[in-house]
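Across the two complexes that follow, chain A remains constant while its partner is chain B and subsequently chain C.
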Partner chain A sequence: MTAADLVTTVRNVRAGHRTLLQILPIYVAVIILLMAGEAIRGGFVSLGNVGSLLLLATFTAVVSFGQGLVILVGGFDLSVAWTMTMAGVFLTSQAQGLNARGAWVVPLVLAAGAAIGLVNGLGVAIFDIAPIVMTLATNVVVQGLVMTSISGTPSGKAPPFLVALTNRSWGWLPWLVVFLACFTVLATLFLRATPVGRRLHVIGYNRTVAQLSGIPVRRTLILAYVLSGVCAAIAGMLAAGYTTTSALTTGDSYLLPSIAAVVIGGASILGGRGHYPATVGGAIFLTVLSAILAAVNLSDAVRTMITGVVILLAVLVIGQRERSH
Partner chain B sequence: MVSLALARMRAVPRAATARFLAQPVTASALLLIVACVIYFAAQPRALSAYGIDNLLDEYTALALAAVGECFVIITGGFDMSVGAVMAFINVIMAVYMGHNATGFALLALGIGAACGAINGLLVTALRIPSLIATIAMMFVWEGAALFILPQPGGSVDQGFVVTVTGSVGQIPTAAFILVAAGLLGGWVLKTRAGGWLLAVGASETAAHTQGLPVRRLKILAYLLAGLFYGAAGMFFTAESGSGDPTIGQSFLMEAFAAVAVGGTIFGGGRGSAVASILGAFITGVINNLLQVLGVSSFTTPAFYGAVLFLAVAARSSRLHGYLRDAAHRLRPGSAGAGPPRSVGRKGTVLIPGGGKR
Partner chain C sequence: MRLRRRMFLAVAATAVAVGAAACGGSAQGGSAGSAAASGHGKDLVYLSMSYIGNDWQPEARNVIEALTHVPPISNEINFKITVAGTSVDTQIAQINQAVEAGAKGILVYPISPTALNATIEKACQAGVKVVTYDSVVTAPCAYGVQIHQHYAGMITAKWLAEALHGHGNIVLITGVPGTSVDLYRTAAAKAEFAKFPGIHIVASEPGQWAQAPAKTDMASIFTSHPPSTINGIWAQVGCYAITQLYLQKHLPLVPCAGEQTQGHLLYMLPTSQGGAGLQSVSYSATNITGAVALRVLVGLLHGQKFPHKVYAQFRLITNHPEPGVPAIPLKICNQGTPQELASGCNVFASNLNVPSGFFDGVWSPEVGLGLHAAETGSPSTQEVKSAAQALKTPVTSWQPNLGP
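This part shows the complex of A and B:
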């Protein structure tokens, strides 16, 4: 480790700031996809439809923020799946469709998400367990706890204020899309303009340099996992609010999209590089893609296959490739 | 507590026994024996020829999948397509096989190897990160399986089922398959190319600098992995006697768990095919034990996760470091003098071409 390494690290982390070029491609891809949608079915690119597509992308975008943070520091979070399901299930079963109960259930669910993240973070940062194994273990533990506590059947209803947040709209513009916009701005500011955000980048780019520069590496790693747990909990509650009820399969269906959105958005899977606005673009891309495939009269089987091929193509065209030997 | 004992032993210069016990295969074998003793104590009926035959049939497919996954993880990648490839092969056999069992058994291996080769090419020639390439291929094979057989069903030649799940003389066929897989997997990693696979996983840059054909080695790893998924899919077909396009997800998670419990390091550079087989049976025996103890199927995953965590944490060299420090601090005479703060060690030393030391 030399001073030159330190300089390159700092330069690479800072270079990320200047470039809009890394965010643009995914939105170009989204526009191409939208045009394809319009060609396949007229009226696909109407304000109303785009609004509802953005609404649907919000859930993936929120869980992808946490996933993206963990990927940024060189890990994965597989436990977002059951953290999301846990959030939805507890929200509906405890709130029972009442705002008064929702007011104390929501903070509790957020705390539970943070606790799951904390366990992941401790395992990875303190015990040095591979992130994929650690989060896989917590995922099944949470699954077991949730299934046991509800005896396998989710019940209840989301509190009305969450149902309103996720279903109401001003004209064509859903409230949730405004929420997504605010979330994106705040998340980007957090990553780019706060010391913690910069530390996360440096750790992901080169952990040794981070350590030598006096960054509290372990604490920052743990923070990334905690935030991922919280984001998964938020996404789970929003999804439960949107459907009013909760389901056991919610989380699993968002796990792979949460990773895919980050990678399609051009983040490096090895850590250190990534832009949250591009990840949001990745989430929108995946949502539009599945909407188009739903519009075309195809079987589930063919839809799944096309999703796989399009993810490959997207990564090929705009994704970050691995260095090669 | 094996790990605690190990940590104590490491406080003194590491004895040969400690080194022996710390090896993935020995450690996994010990864990498996402990799990089996508890299982057989809780369920004496399982300790019969019939019971053991059942146990082997139940988890051989998982063990084969774990060996395959282990090859990819050793080189520092992930293969998320393991379950989907198995599901694809499973439905092909259940739908098209008829009575041509031998032909389709070979076809299963061929398809598996081809799927693996595609993964390998995506990762090397197109330089797509392994996680995302194999997730995409997972979608493709899962979709293809659903396309061929939308609902669980199909039928499998009875002769094939009897041959694969039956026994030769007194010994179950599954045992032969497992021994063959263990020998093959173990042998591959002992060869020169196998040592190179480990070297690529330990440090791709170093392997490249040493002049190793990194790309071809990676393709080889994915191809071998696919071959084992083919065998796993074939065995699962015989064992279940039908086709099911949705088996992918559960096999994916279980294969990862089996490899991790077997002590293969995620991130590459160290691992064992035999230990992965043992890992599959450790998780399998624990699963059966939980059923015997009457733990509700809702709660089982929580125990499963806890076991996975303990098995991996017990091998964490960072944890051993902490324990070593603690032992050092507690020893009389060393009070006051600050103990050396040990840092987690990173695996074995690798010599390209010479295997691992």
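This part shows the complex of A and C:
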């Protein structure tokens, strides 16, 4: 082993060490929350419960990957709300509870999510429209399209394989949690180990430097939005699979949590920094918090306030830790 | 270069928006029956909707819209719809716009019982008749058609408490926070439960009157309240999805009181008939309150007099009768025609493929429409005939027995 090799190895270990230190805080926060939950209601921390909580966190975690990509390159995706809803509604109304139909409906829904992301990406990358404005507009347009296409209640059922994926378990371990684990590994590898992933980081960190180093900035930006649309579509289909039927309320309740999960996971809201495993931690944190608040019989308004305060505290504490590195 | 790009986009976006408005305008404006008529001689009536994110709202709108196609209403009004979402400011703006456009009457689903009052008072002063449906406002000049929400909350809570023999832990799944419907029903239910000292409310979550949120709420509640500790559920809407959760987790079912949705009613059937034997009382918020409100509005435009509060009749359905709770048994509708519904059937046969979140209270004697109208927003020929007949009967207010 040469001296150069040794230096590289030490650098890699230090980098890995640094990454771990950036991911750990949110999971420590999750453990603290779980302990608080156990103190409030004994038996909260059981294998079955943890499995349920991880299952419920999956929908947020999947949307948050796409949202995280967009935040990484300095934007926001406010269209995930109705993209998710569109995915659920489209899936159930076309699949009608049949796996055979689901086989072609699912790819179509993914394509629709990608198309929405493409529109966002083109607006932001080619026409220099501010991401908040562009994605807000897209969100409203998608809402209009969904409402026009159904004349009343969303109809139909999700295909049985999705219902099974989201509802069945091996003992205490839900299948969807296994899905989440695989998704997390793949997503993290994409961000850390592929050229595209690295380009996303550079663009977010300093767009001028990225342009000057020959990175195809516009194409990569568009890709970030396309992937966000696809993730929202996946999450929407999973949510529809979980409840078997789709609902018009689905997406709205995941928009702010998708951003919150990214931020309390330690990503910089301005872009350039973020680790998906920490985002997943953020999603789990939000889910556990919500479950604990359900255990204390407070009024809705008070619960909302507590949620806001806890998120703020988490951002302050975890965000600060990041800056000190 | 950048400027040229933005100019191109601005022109393209404007073209798309104008095109969409033209298409949308002709689609909606024509719903009063004759697109050819420019509204000459017809009264302009607006429907101001707010929250639309659940199963109930679009269905209620369909019944209203279907009624606008029935004579003589179809010959008398020019009908338009606006949707504000959960934004109070947007609903205020849209009501103002309706008044500016020359509306003679406005049907409103208010997002707040008080925030629209100033706008509604202004509309009344301009001579516009304002009628709310289901949810109410406190503005004195407005009329409101609703089911007796207090009674609905009270009587279903009474059923659940009796079904549990006065003892047990229960979970509340409420509606859309901030609406008067949610406020009155929940308050009435809590007051009724308070009469039974053995009944404990262990958790309460807003279900938004939709199945999917109810299910995720319940799954979340299970993490802090093991299913074995929950004895009963009072869900304004959600007994279907919650029962589904119980069945998926192979848990024994507990009694559930809630608003009738197709899936919920099907679960109430015995297992021999394809149901799950769910012990339940189901009440209908009757998606027809909006249509009855339209009738009141049209009547007001004709100079008829109505009380400011009109209560629509609603039915309680149960497979487990309890003392002091007047209810009718389940009866399957094989076609969903108005005639069949008039004969007392209340759950649609599974081969009609009605969505599980669909609200089955689609018929009332004052409206006379059926399943097709509620599903599509336009009446079948049969429905037009029976609704035209129903329009000849007067709208009356139904007073429930509120007990001692």
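In the analysis below, the second predicted complex is superposed on the first by the 300 of 325 C-alpha atoms of A that agree within 3 Å, B and C clash if a C-alpha of one lies under 4 Å from a C-alpha of the other, contacts with A are read in each partner's own complex, and residues count from 1 in each chain.
Criterion: a residue touches a chain if its C-beta (ideal position, glycine included) is under 8 Å from a C-beta of that chain, and two chains touch if they have at least 3 such contacts.
Since the model is a prediction, treat every value here as computed from it, not as a measurement.
Q: Putting chain B and chain C on the same copy of chain A, do they fit or clash?
A: These partners clash in the superposed model.
Q: Applying the document's definition of touch, where does A:128 land relative to chain B and chain C: first, second, both, or neither?
A: Touch status of A:128: both partners.
Q: May I ask you to decide whether A:252 touches chain B, chain C, both, or neither, giving the answer as first, second, both or neither?
A: both
Q: Report for A:243: first if it touches chain B alone, second if chain C alone, otherwise both or neither.
A: After superposition on chain A, A:243 lies in contact with chain C alone.
Q: With the two complexes superposed on chain A, say which partner A:147 touches: chain B (first), chain C (second), both, or neither.
A: After superposing on A, A:147 lies in contact with both chain B and chain C.
Q: Where does A:139 make contact in the superposed view: on chain B (first), on chain C (second), on both, or on neither?
A: Once the two structures are laid over each other on A, A:139 reaches chain B alone.
Q: Contacts for A:263 in the overlay, against chain B (first) and chain C (second): which applies, first, second, both or neither?
A: Only chain B is touched by A:263; chain C is not.
Q: Would you sort A:300 into first (chain B), second (chain C), both or neither based on which partner it touches?
A: In the superposition, A:300 touches chain B and chain C alike.
Q: Stretches 109-117, 163-171 or 289-297 of chain C: which one clashes with chain B?
A: Here chain C runs into chain B along 109-117, and the other listed stretches stay clear.
Q: Residues of chain A that sit at the chain B interface in one complex and at the chain C interface in the other, please.
A: Residues common to the chain A contacts of chain C and of chain B are 123, 126-129, 147-148, 151-152, 252, 300, listed in rising order.
Q: Under the stated contact criterion, what part of chain A meets chain C in this complex?
A: 37, 40-41, 43-44, 49, 52-53, 55-56, 123, 126-129, 147-148, 150-156, 167, 239, 242-250, 252-253, 287, 290-292, 294-295, 297, 300
Q: Which of the residues in chain B end up touching chain A in this complex?
A: That would be residues 78, 122-124, 126-129, 131-133, 135-140, 142-147, 150, 204-205, 207-208, 214-215, 249, 253, 256-257, 260, 265-267, 296, 298-306, 308-309, 312-313, 316-319, 344 of chain B.
Q: Looking at the complex, which residues from chain A come into contact with chain B?
A: 76, 123, 126-130, 132-134, 136-145, 147-148, 151-152, 252, 256, 259-260, 263, 269-270, 299-309, 311-312, 315-316, 319-325
Q: With touch defined as at the start, can you tell me which chain C residues reach chain A in the complex?
A: Residue positions touching the partner: 2, 5-6, 9, 24, 52-55, 58-59, 61-62, 83, 177, 201-206, 208, 210-213, 215-217, 219-226, 241, 244, 248, 263, 355-358, 374-377.
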